[in-house]
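Note that subunit A is present in both complexes that follow, paired respectively with subunit B and with subunit C.
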Partner chain A sequence: MNEFSDALGISASGLRAQATRLRYTSENIANTDTPGYRRKITSFEAHVEKGRPDGTVSSGPMRLDPSALARIHDPAHPMADEAGYYDGSNVNLLIEIADAREAQRSYEANLKIFDQTRQMSSALMDLLRR
Partner chain B sequence: MYEDLSVFRIAFDAARHAGQRQAVVARNVANADTPGYRSQDIEPFSLSATKDSFAPKSTRQGHLSATEPARLWSVSNVAEPGSMSPNGNDVSLETEMLRAIDADRQHNRALAVYRHAMTVLRTSLGR
Partner chain C sequence: MELTSALAARSYLDTRPATAPEPGGLASAAQSFAATLQESEATATAALTSGADPHSLVQALAQTELAIETAVTIRDRVVEAYQEILRMPV
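Moving on to the complex of A and B:
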């Protein structure tokens, strides 16, 4: 029984972490055309409780991608400099879509495990029902 | 006669093994994108592990052991060649699905054995 509640908690932490990642991805996609926007990234890490990892996962601190911003030539843009360039964002839509797909796949896997664990524990409860 | 029926104990141990394995699989899946995480599994269920005739007898759980209670099966890293991703994570979701289904089936099997033995007992009691 203890193992089942462990497993449910761990799966829930995985769901939460993937959802956070998906949120950053959607923020990035929404800000693709925002001048000077740097894409937000996060890295997962094992959650440490009382000095030892307890198996759950948490998304690490949000960081900004330090790669160079795109230089966009548009002399009519209000933020353009003398040469007619302004700094766009460094969001690459291809990367964001791939990231979102991976997050979705992992989310579904966690959900599946959660559901299966719930079924196993309810089968255990069925033994008591008679 | 009824105080120590080994069929119940074996079914109980098999179900507990499946539960523990499910927890390990859940941990693997949750950490499928954690950099540096290595996939884990527990040793397969076997009858010899459930006997533990060398274990000291205690009249109540917690008298002798200050350690964690009842971790019968050891958890170890399983290296799968070729599944290591660039960030040092070697969890393969497909393998984990397989393990989860395995654990689920073993759990169902153990519960079926338990329920059946219970039915036999009930029948012999005439209820």
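Moving on to the complex of A and C:
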């Protein structure tokens, strides 16, 4: 419609993408102790509308981290093999927490722009009032 | 010059085109305003009934807020201008 409206839409798409990222991070953290769990990752991509990017961002398809699963020694575990090892998850809590914090900061930035756009538009209309 | 009712009627008809609303401008703005309102209403209903994306709800409501603010401001100015014309000494 206009620049302000576009800016609102683009900020909202950023908010949505960061929320999706946080969702996968929370899944990973919740499944840290799940045997055989591979951490879920997603990468952002420019949203394409009618053959050209319209400025908004969307989270890409979910992928599984192919890195090796942790070998955990616990002979009492029901899934342990003869040597007493079983496959844990390949979630690294440190990475997940850092990722969540990054998502939070990006979310805040998008929120700030959303608010700023609203304020600018209101200020413009205030010019006409007395 | 004698001021007859026929002459008055003709002058009135001559000046009417100047005050006629322009096609397109305001009407299309009003239509896009109504479309924005309808869209946000649909989004709000969806968000409250089926738990749609809250980001869409906030975005739609913010856009409606801006649209209403614009519409109200323009209305105020138009009414003000109209009252100014009414106050004009004839």
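Here is the rule we go by: the second predicted complex is superposed on the first by the 126 of 130 C-alpha atoms of A that agree within 3 Å, B and C clash if a C-alpha of one lies under 4 Å from a C-alpha of the other, contacts with A are read in each partner's own complex, and residues count from 1 in each chain.
Going forward, a residue touches a chain if its C-beta (ideal position, glycine included) is under 8 Å from a C-beta of that chain, and two chains touch if they have at least 3 such contacts.
All values derive from a computational prediction rather than experimental measurement.
Asker: Touch test for A:101: subunit B only (first), subunit C only (second), both, or neither?
Answerer: Neither subunit B nor subunit C is touched by A:101.
Asker: Return first, second, both or neither, reflecting whether A:19 touches subunit B, subunit C, both chains, or no partner chain.
Answerer: In the superposed model, A:19 contacts subunit C only, not subunit B.
Asker: Touching A:129, do we find subunit B (first), subunit C (second), both, or neither?
Answerer: After superposition on chain A, A:129 lies in contact with subunit C alone.
Asker: For A:73 in the superposed arrangement: first (subunit B), second (subunit C), both or neither?
Answerer: neither
Asker: After superposing on the shared chain, does subunit C or subunit B touch more subunit A residues?
Answerer: Counted on subunit A, the partner with more touching residues turns out to be B.
Asker: Touch test for A:44: subunit B only (first), subunit C only (second), both, or neither?
Answerer: The answer is first: A:44 touches subunit B but not subunit C.
Asker: Applying the document's definition of touch, where does A:4 land relative to subunit B and subunit C: first, second, both, or neither?
Answerer: Both partners, subunit B and subunit C.
Asker: According to the stated criteria, A:118 is in contact with first (subunit B), second (subunit C), both, or neither; which is it?
Answerer: A:118 contacts subunit C only, not subunit B.
Asker: Let me check the overlay on chain A: which residues of subunit A are in contact with subunit B and also with subunit C?
Answerer: In the superposed arrangement, which is not itself an observed complex, subunit A uses residues 1, 4, 8, 11, 114 for both subunit B and subunit C.
Asker: Using the touch definition from the top, list the residues of subunit A that touch subunit B in their complex.
Answerer: Going by the criterion above, the answer is residues 1, 3-4, 6-8, 10-11, 13-14, 17-18, 21, 43-46, 55-57, 102-103, 105-106, 109-110, 112-114, 116-117, 119-120, 123-124, 126-127, 130.
Asker: Which residues of subunit C touch subunit A in their complex?
Answerer: 32, 36, 53, 55-56, 58-59, 62-63, 65-66, 69-70, 73-74, 76-77
Asker: Where on subunit A is subunit C touching in the complex?
Answerer: These residues of subunit A touch subunit C: 1, 4-5, 8-9, 11-12, 15-16, 19, 114, 118, 121-122, 125, 128-129.
Asker: Which bits of subunit B are touching subunit A when the two form their complex?
Answerer: Subunit B residues touching subunit A: 15-16, 18-20, 22-23, 25-27, 29-35, 37, 93, 96-97, 100, 103-104, 107-108, 111, 114-115, 118.
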